[in-house]
Each structure stands twice: as C-alpha cells, then as structure tokens.
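Each of the next two complexes has chain A plus one more chain, namely chain B in the first and chain C in the second.
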Partner chain A sequence: MEKLHSVLAGAAALSLAGSAAVAEPAIIYDVGGKFDKSFNESAWSGAEAWKEEAGGSYREIELQSEAQREQAIRRLAEAGNNPIVMPGFSFGTSLSTVAPEFPDTKFVIIDMVVDQPNVRSVLFKEHEGSYVVGVIAAMASESGTLGFVGGMDIPLIRKFACGYVQGVMATNPNARVIQNMTGTTGAAWNDPVKGAELTRAQIAEGADVVYHAAGGTGIGVLQAAADAGILGIGVDANQNYLQPGSVLTSMVKRVDSAVHAAFSDGPEMETGIVEISFAEGGIAYALDEHNAPLISDEIKAGADSAIEMILAGEIMVHNYFATDSCPDS
Partner chain B sequence: MDFATVLQLLDSTLRLSTPLLLACLAGLFSERAGIFDIGLEGKMLASAFFSAAVAAATGSALLGLAAGMFASMALAALHGLASITFRGNQLISGVAINFLASGLTALIGQNWFKLGGRTPALSGDARFLPIDFYFSETLSSIPFIGPIYSELLSGHTLMVYVALAAVPATWWILFRTRFGLQLRAVGENPEAVDTAGLSVTALRYQATLICGLLCGLAGAYLATGMAAGFIRDMTAGKGFIALAALIFAKWRPGYALLACLLFGLLEAVAIRFQNIDVVGVGTVPVQFMQALPYILTVVILAGFIGKAIPPRAGGEPYAKERA
Partner chain C sequence: MTALPKWADVALIPAINLVLAFFVSGLIVMWIGENPLDAMTVMIKGSIGSAYGWGYTLYYATNFIFTGLAVAIAFHARLFNIGGEGQAAIGGIGAALVCLHFGWPHWTLAFPAAIVGAAAFGAAWAAIPAYLQASRGSHIVITTIMFNFIASALLVYLLVNVMKAPGQMAPESRGFPAEAHLPTAHEMLAWIGVSFPRSPPVNVSLLIAFAASALVWVLIWRTRLGYAIRAMGWSEPAAIYAGIRPFRIIMITMMISGGLAGLMAINTVMGEAERLLLDPVQGAGFVGIAVALMGRSHPVGVVLAAILFGMLYQGGVELEFEMPAVSREMVLVIQALVILFTGALENMVRAPLERIALMFR
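Our next item is the complex of A and B:
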C-alpha cells in the first residue's frame, strides 16, 4: 500500500510537471538587449528569480529588429507558452493585433496599456519615482543646474523628465534643469557615445547632477559624469555599482518583480491594468554601499518625507500622460 | 551665443569628427585604388570590439589598439580576397563584412564576457585618456588665444591628434610619393599600371590594408577613447557618414577634413541645441537637426556642390584578359 501511494504520488507529480511544461511562461526582451544593465536586464533577473524559486523553466526571445515583434509573440503563443511577458512599451501595437488571436493565452505588457480581456498591463508610476530622485538631485546639487538625458523622445520618457523637474523645482525653485533626448529612433536606447556627449554638453553648461532614462545610452551618461567628477543618477535597475561613488542614486523600477509576479500567477492570472508605485515596493530610490557616502541624513530625510507625502496624497505629481504636457520645464 | 559656448561646440566637433575622419581617410585610400569599400562600418565595429575586449583583459589601451587594428585589417584582407583575388562584387563583399562584424562582435562578446555582447566598462590605463598640453593651465588666462589653446586644442585623446596628422600624411603619400602615384593610377587606369610592369593586385591589397589600419584606429577610438567599452552596433552608421563625407570631399584629403568637421559640427550642434529658434521660421525641431547630416548628404549627392567624379576604375575588378 505504501508503495502504491508513492507511485501514485509520483504519477501525479509527473502529470503536474507535464502540464507545467505545456504552460511554460515566456518572455520577449526588447531591442535594447537582455543585458542592457537596465530595463531588460531587470526583467531577466525577475524571470531568473522565478526559475530559481519555482524550479520551472521559461522560454525567452531576444528581439533583433522591430520586424520580429509580432512574429515573436505569435510564435510563442502558438507553441503554447502561457503567460507571455513583454517588457517595453514598443510591444503595444503588435500585442493589440496578436492578443485577440489567442484568447486563451494570457499576455503581460509592461509600461503600456493594451485594452484586451487577456492582457495584463503593468504601469509604473515613474513620475513619482522621478520626483523623489529629483528631490535628492536638487539637494545634492551645488550649482543649482541639473541635467536630464532621455533615450528615445516618447511620452514615457517625457513622463520621467516631468516628474524629475517637478521634484527639483519643489526643492529648489531657483534651479534649472537642462533636458536632452538622445534621438527619435530605437537606436537612441543604445548609443553611449552620444549619451556621453550630451552629458558633457550639460556639464559645460553647469550641470552637476545628471539623471538618465535612456537604457544602454545611460552607461555613457554615467561614465561621462564620473569622468568629469560630477554625479549621475541611474534608472530602472540599481545602477549605483556601475560607477561607485559617482552615481548619486538610481530610480529603481522593479520590472523584475512585475515579471516575477506574472510568472508566479501563471495562466490563471488576473488581467487588466495594474499600477505600481512606492506603496507596492515596485518603485524605490536605491541606497546601498556604493552611494551611502553621497546620501547624507538630510537628503535621506528629504527623500523619505517626499515619498510619505506622495503616499498620503499631499503631493500630487503631475503625470505627463494625463495632459501630454508638463507644468514645469 | 558667447565665446565659451562656441569653444565648447568646436571642442565637441573635434571629438565627434575624429572617427569620421579616420574612416573617411580609410575609404580614401581604398577607393583611390579602385576598391569601393562600404565595409568601413563593419571594420570599425570589429576594431571597436577587439580593442575594448583586449583592453579590458590586459588593462592596456595600446594593446587594445593593436588588437583592434589587427581585427580590422583581417577583415580588410577578407574584402581584398573577395574583391581583388576572386574578382567578386565589391559592394556585396562590403555589405557582407558589415553583417559579419555586427553579428560576430555580439556573438563573441556574449561568449567571452556574458554581458549581452558588451565588454566590461574600461577604466584607468585601459582607456585613452585626454592629453593636456604643456602650460595649458597657465596659458588659459590669456584672453582669446588662451582658452583656444587650453580648451579647444589641448585635452583630447591621442587619437584625435593622430587623425588630424593623418590628413597631411595622406596627402603627402598620395600626391608626393611614387607609391601614391601608383596607387592613384591603379584606381584610374589599372591596364596602364599593368603595362608598366607593376602588380595591380599587390597595389590594391596594400591600399585595402591601409584602409583596414585606419578603420582600426577609428574603431579603437570609439571604444577606448570616446566611450569606455564596446556596445553592440556602437558605430551607429558612422561608416556610412564617412562614405558620404568622402564623396562630398571628392576623394581629396584636405576636403575630407573639412567635410568630416562639417558633419561633426552638425552633430555637435544637434546635441547642444536641441531646439533652435530661427528668426522668421520659428523653432526648428530636434528631429530636423538630427536628420541634417543625411539631408545634406542627399543634397550633396544630387550634385549640388558640383560633380563628384569617383576614380574611374572604382568598383571594377581587374582582369588581365577577358576570359
């Protein structure tokens, strides 16, 4: 009897494993590449964390060009992968086309809303996170001139810039923020040479803290900031370690936890729009051994009180998406 | 716009022109000898990768430079093999080299460093650091000339000065040496060179290898001078801009310098002033500024600056006899 039990249990486990293999989750990385030290890499680490925890496996595709987008989603859906996670706003149009074709498959898109019954749209309140790093930047700046380097010129990046400027202005009304965008095509996410050049230009104009929201381009931004002895601010992942002592902080967007949650929820997940901010721990400013000497107690208190006031609704950070414009500039 | 801004703009122009200039001179040697080379981009990319990889491994920017030049010259030799020895189509061979470099660098990079085709960030001696001229601190207080000396001329990496020196050197080699005369002849009329008892093949290989060497310098500058490490497809079309500059310059070294400086200036302006207010026109959007080098290229190619006549035997594989 004992033996029969274990055999049965084994069979049950096998069949479970079998169904799990069919509904293997999948992730598609955007053109910036899996190891961009930023957005995609954060998504990857979420997937890896799930793999370690749940012991499952997942499929992944790294896009090489824009043309592969739809094809990649369709291929994974046809192969029975479920759910399929795609970090990046650029998947929006492709997913709107493909999602209705596979009503039984769950899709998760990050940073974009796709209004379909089988899609979960995960949005981060980047404007609030950027506001807080803006507060930190303004407190750390001595010149009162701050810089912002965006990647591709799209509303999402304007949202980062807008939150940042509001945070800076709320802390130091006399401050000036120089804003630059790297470009208008996807190449703008992966051009560190131009990122560095933009940063040098901003430094020449007096900027002593530069925040980037530019994916791989940002590596050049942080490099140029470190070379010139000023401070950079990282984005998406915790980038403090890239130039220890020269990265003031990072606006961490826990893309990894969004991916992890999606993988854990599996095919039975709830769909619809999910908004993530400080309260859910999905957005934070990074504080570790690399930037601890830069963040004084005063700065930390300022940042934490800004977070509390945002959570309490005392500070309403303007969302660029709401009006397609920014009150401060 | 004050004097300091102009200086910063020109300073940035010099930095941004350097890779274009080196690649443009590389193309000049190759095309003057009758080998069209649209693989400048790929050679730069290969050099950028290998220079950054070796610099990261050894901590020496000079060793990196040597590796980068070697990689670029290996690709140049491949181009030579395809288009000189086997008389293949030079354009197709060039395109193949671009694809090969783009794919191989990402693949090898991923295999070696596991950073997604990126090399580790370089620091210290693994990069070419800015060179400060003598007395640049003390002289900077002299009005007008002081800042020009200490800000504009001083404080660039070695490769910027190498690129500038390469312009007169190229002119001298091409127009004042026997080798240069033969090289130009082989691009205009290879039959005549052959009749004179010189080897067309050998001359064209030499030109291709010089092209590889200069592309190697350009790529190493990108990865170890301008940036601090290699990133997938980091050349971002610079090889093609250099080709446009080459046509603009009508295959002459001096004009190549001017053309590259112009393209560098346009890029610097687009970076520095993202929205320019022009009186009477309104705000010129940044997209226009960023597209300007390309628009300019089209205008130039349309014959706006007079006729740009390429070397007569360019693109034609040389065969002694028709088979």
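Our next item is the complex of A and C:
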C-alpha cells in the first residue's frame, strides 16, 4: 500500500501542500452497497483510512438504482466535492457524460477507462494476479483438478478466470479447471450458500483447490473448502484469516489504496490511466501467518519467479478484455 | 359491499394510510437523531419543489405507471402477475433490438417501432406462464416469479456473449444511434418555448404512460373484453356459464399485462440509458404491485400512486444527500412503511371507518 501510494501521490503531494482550501472528497458506491465484504467495502476502508490519517471528512452516496448514477455524480460535483471517486465499471458511461460538464472537478473511476482530461482511470491487472495464484494453486494441488467460482458471468469475472486458468495450465498442462458462476442477478455477489454448494460440487468432481471471484459469495466458498479439508483461494482483500490453514492464499486487489491515494492527492491529482499490478503493490498474493505452513519454499519460489517473469515481460498473461475471449478455458 | 361512501374508499383511506406511514417514518427518523420535519421538507422539496425534482419524480413515475397498470389489469381477472420485473427486462431486449438493428431516420419512426418491440417481447414473455396457468393450472404466482430469474439469466447471457459492444468492459449493449434517442422534457418543452432543466431523464414515454392509462380504463370499463375480464375476476364459474372461455381471457389478460410491463423499457432503455444495461428494470416490476394495490387497480389511482412512489424515490435520493445520517437503508425503510400501510394494513383503517360510517347512517 505504501509503495502504491507513493507512486500515485508523489508529484501531487508537493502541489497539494501549497493549497490551503481543500475541497471535501466524495465517493459513490454502486447499487451493491458499501458493505459487500469485498470490492465496495475495500473502497470504503480506503476512504476511512484516509479520514483517520488526514483528519478530514468526506461525502458518500450509495446508489439505489441505475438512473441515479448521473444524478449522484452531478449532485456531488455541483456541491463542490473534489475529487469524486467511483469504484466500479458500471459508472463508465455516466461519467463520460458528466465529466465534461465539470472541467474543474477531478473524477476517479476504478476498473474502467474514461477518456476525459479530468478523469483518473485506475485499472488493476487482475489477470496477472490471477495468473500467479493459478501457479500457486497448480503447485499445491495433488489431484490436478482445480475449481473456480465466479459471481456473475460478466466480462470482469471472466478476466479473473482467464488469468487463473493460464497460470494453472502453464504450471501443469494436464490440469483441469472446473469453472462455475453463482447466478444471473446481482444477488450472485452475496449468496454464500450457493457458493458453498458449487464448491462442494467441484470437490465431488475432484477439485482440491478452489479460487473464488464472487464477492460475499466467496465466504461460502472458503467455508466449504475448509469443511471438506481442501484449499480455498481468497480475492480482493487478504482473506487468509477467514479460514486459517485452509486458505492457500488470496489474490489481493488494493482498491482501498486506490481510493486512499485519490483522496490524498486531492483536487490537484494527476489524471489519465493508472495501471496497477505487482510493481505498484496494488496486486499481490497474500502471505501471512495464516497460510505460511501451506506455502512451501518451492511454491513461493514458483510464484515469485512468475511475478518476476511477468514484470520482465517474459510471460504475457492474456487479458480477456483485449479479445473478449480466453485462449485456455 | 362496503358501508363507506365511494369518496372515502378511494381518497380518505389511502390518505389516512399515508399519514400513518409518514408518522411512523417520522418516529424512526427522530430515533436516529434527525428532525423528522426537516426530513419531510427535504423529501418534498427535493421531489416536487423544483422543475429538476419533478423531472426525476416523473421519470420514476413513468416506470411505475406501466408496471402498476400491468399488475392492475391482471388483478381484474384475479391473476396475480408478479413477473413484471422479467417482462420489463425482456421488453428491454425488444426495444434494444429494434433500436440497434434498423437504421432509423428519425425518432418519430423509431419510437412506435420500439413501443411495438417492447410490448411484443413483454407480452410473449408473459404468454408462457399464462399458457401454463390456462391449460395446465400451474399457479401464475409461482411461474411468473420464476420467469423473472429466467429473464435475468437470458439478459445476462445476451449482454455478455451477444450484444456487448466489442472492446467494452461493462456488460452493456452499444449505444443507440442518435436518431433513436427520445426527446427529453428539456427538448420537448423547448419546442414550445418553456425552459426545463437538461439533466432529468423524464421523456416522451411519460405521455405514452398517460395514454396507456386511458386505454386501460376504456378497455376495462367500456369494452366487451373488459367486461369478460372483470367477470372472470369476480367469479370464474359464472363467467363460464355466461359463455366466457377462461383460457382465452387468461391468455389475453396476461399478454396485455406483460405488454404493459414491457413498455416500461422504452422509458429506461430508450429514454434514459440509450443502451441496454444489465438491470434495465431497477426493481420497478415489484414496485408496480404496491402501486396497483394502492391505486385500487384503477388507472387514475395507479397514476397517482405511481407519482407518489416517484416522489418517494426522488425524495429519498435527496434525503440521502442532504442528511448523511439517513442511509440508503433508512430510505428503503420509509418506502417499505408506505407500502405496508397502504397495501397490507388497509383494513386496519377501513374497519374503524366503516363503524363510524354506520353510526351516522
């Protein structure tokens, strides 16, 4: 987090020091709500961390319906909030309409590119992080059968799945990855019971490591994996602590640092596309006391060398968004 | 069948229910440490205190009029269509296909075509549960709610695999061409020289909603078909004795109902988003049930109840913005209380009122 923060904040911090009147920043949570134990909650904890550190205050709005997107962005911009942070790709279309109307306000969107001079688009390279946890999963698996549980079948989740499968296949070409999606409505992000059910079905087919990218549903995935004595892999936040000893690792996506950095940079922030991966510390595989016994030296060496090769450009992990398709599946 | 005069039934009881709902909401607002009168002022000023507020209130109301009428017309045949959510989503697919796949020269041509597309898709989606009810006796409540999930699954599949714009991350269709954009109130009022704020999404669909309400009134109370629908609703054996075929009435009523729900999509898909999104219905299918209950299944009541719910939606956003202590869930609680008092607890007010009315007879 510190590392990413310094990268993003570096230049802006200098200019910020001069300006006395700092506008209140704001954050808009998507229809899913802020306490989703996952993406939005991570954004919220970044905002809270900033509040504690900087002693400032911020505005927040949780959307109730799609039609309120533009309305909420406009309302905050008109009220002088700056910068305005939106975690979630769904804000893309609305923001590209509203951003030109408020050229003096800075906007930050996470997981989506909005090509406007006053917008910072933060992209996480989830496919690279998923590749590395795929490598770890394939090395830890004894059966050669691995599982993936997604929330809803949307392109972003296919991006996670695609990177994971590539990492698994690169490590063990004979492996098999079973992929399931939880549901077709927004409820799929918060259905731990169904997540556990899918996990048990995958276990019955021989899976012994299951990776989830399913928000709150993942709690059930990790629980079912722990109950059956196999390994789960967490996502977004470090979820190793949820089932100590049964969570192999977590694909950490530091949405909180992105929000924190945006709030700290303030109205003078640099805009443009910010891509975040291993080098910036915004993507990582989690290693702590809860999973230390599970990650052998050999696995750690394998994962670290995969990261090095990705950073050096020797491994090019295919991004699902580039072609709307996945080479391995 | 009731001791109450008609005006009390249609106006007094809903009004008392509303006052009670707001009173309990006020207690809750007070309990979280805010001033209930201030909260009420924010909600009312935010929803109908300005042209901007009206613009959003009427936009939401447009959705609720369509879904409310859909539920209301089915109620007349004693059919409980709770599949408005799915029918509207499928109607959205219909409207989007019409807008995307033909090169329309002008919105005046695209609009009627999209109306037909949205209504036809919504009606077709309602026809399947209707057939299962009419010929197999599968209960319409169960089948329509299950069809909501199937509709949602179909929509996700189409948006992710078929209709998604290439190179786009979000699961949404590509934007409709400019010729298929509906004029908003801002543009329409500019034609007659009235200025209206640009941002509210209320559009020409509102007029279609009013027209649909009038047509539903004519259909129910001034046509043979409407008579048959009501006869079916009051007593199926009597209707059969009178030569009315239940199969035919169930199919027709449900398809009209589904068509009305599907029409909602012209407002959200064509009028507001100008593309097909993952959730084009925004819960309006279920709100329609409350609207129909509160509006006593009468088109005028449905329109008034829809505007009230539009106010609750728009006022709720303003409340959340102006009073940070009032969270999204609090706004939901207030909306739920209104539904509870006006829909479910209606008899709580009706029974004492009837007793009073009898005393003065």
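Rule of thumb we're sticking to: the second predicted complex is superposed on the first by the 301 of 329 C-alpha atoms of A that agree within 3 Å, B and C clash if a C-alpha of one lies under 4 Å from a C-alpha of the other, contacts with A are read in each partner's own complex, and residues count from 1 in each chain.
In this text, a contact is a pair of C-beta atoms (placed from the backbone, for glycine too) under 8 Å apart; a residue touches a chain by one contact, two chains touch by 3 or more.
Note that the coordinates shown come from a computational prediction; the quantities given were computed from them, not determined experimentally.
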* Between chain B and chain C, positioned on chain A by superposition, is the outcome a clash or a fit? -> clash
* For A:Thr184, decide between first (touching chain B), second (touching chain C), both and neither. => both
* Check whether A:Asp288 is in contact with chain B, with chain C, with both or with neither, and answer first, second, both or neither. => neither
* Asked: For A:Ala204, is the partner it touches chain B (first), chain C (second), both, or none of the two (neither)?
  -> first
* Asked: Touching A:Ala72, do we find chain B (first), chain C (second), both, or neither?
  -> second
* Check whether A:Gln223 is in contact with chain B, with chain C, with both or with neither, and answer first, second, both or neither. => first
* Which partner does A:Asp153 reach: the first (chain B), the second (chain C), both, or neither? -> both
* If you count the residues of chain A that each partner touches, which comes out higher, chain B or chain C? -> C
* Asked: Touching A:Leu242 in the superposition: chain B (first), chain C (second), both, neither?
  -> first
* Asked: With the two structures laid over each other on chain A, which partner does A:Gly33 touch: chain B (first), chain C (second), both, or neither?
  -> both
* Go through the superposed model and pick first if A:Lys194 touches only chain B, second if only chain C, both, or neither. => first
* Structure fact -> Clashing segment of chain C (vs chain B; choices 77-85, 131-139 or 203-211) is 131-139
* So which bits of chain A does chain B touch that chain C touches too? -> 33, 153, 184
* Can you list the chain C residues touching chain A in their complex? -> 56, 59-60, 149, 152-153, 155-157, 160, 164, 166-167, 169-172, 175, 199, 201, 268, 272-273, 275, 277-280, 282-283, 313, 316-317, 320-321, 324, 327-328, 331-332
* Which chain A residues qualify as touching chain B in the complex? -> 33-37, 41, 153, 180-181, 183-184, 187, 190-194, 196-198, 200-201, 204, 216, 219-220, 223, 242
* Contacting residues of chain A [partner chain C, same complex] -> 31, 33, 59-68, 70-72, 74-75, 89-90, 92-93, 111-113, 152-156, 158, 184-186, 321, 324
* Using the touch definition up top, name the residues of chain B that touch chain A in the complex. => 8, 12, 15-16, 114-118, 121, 222, 226-229, 231-234, 236, 268, 271-272, 274, 286-287, 290
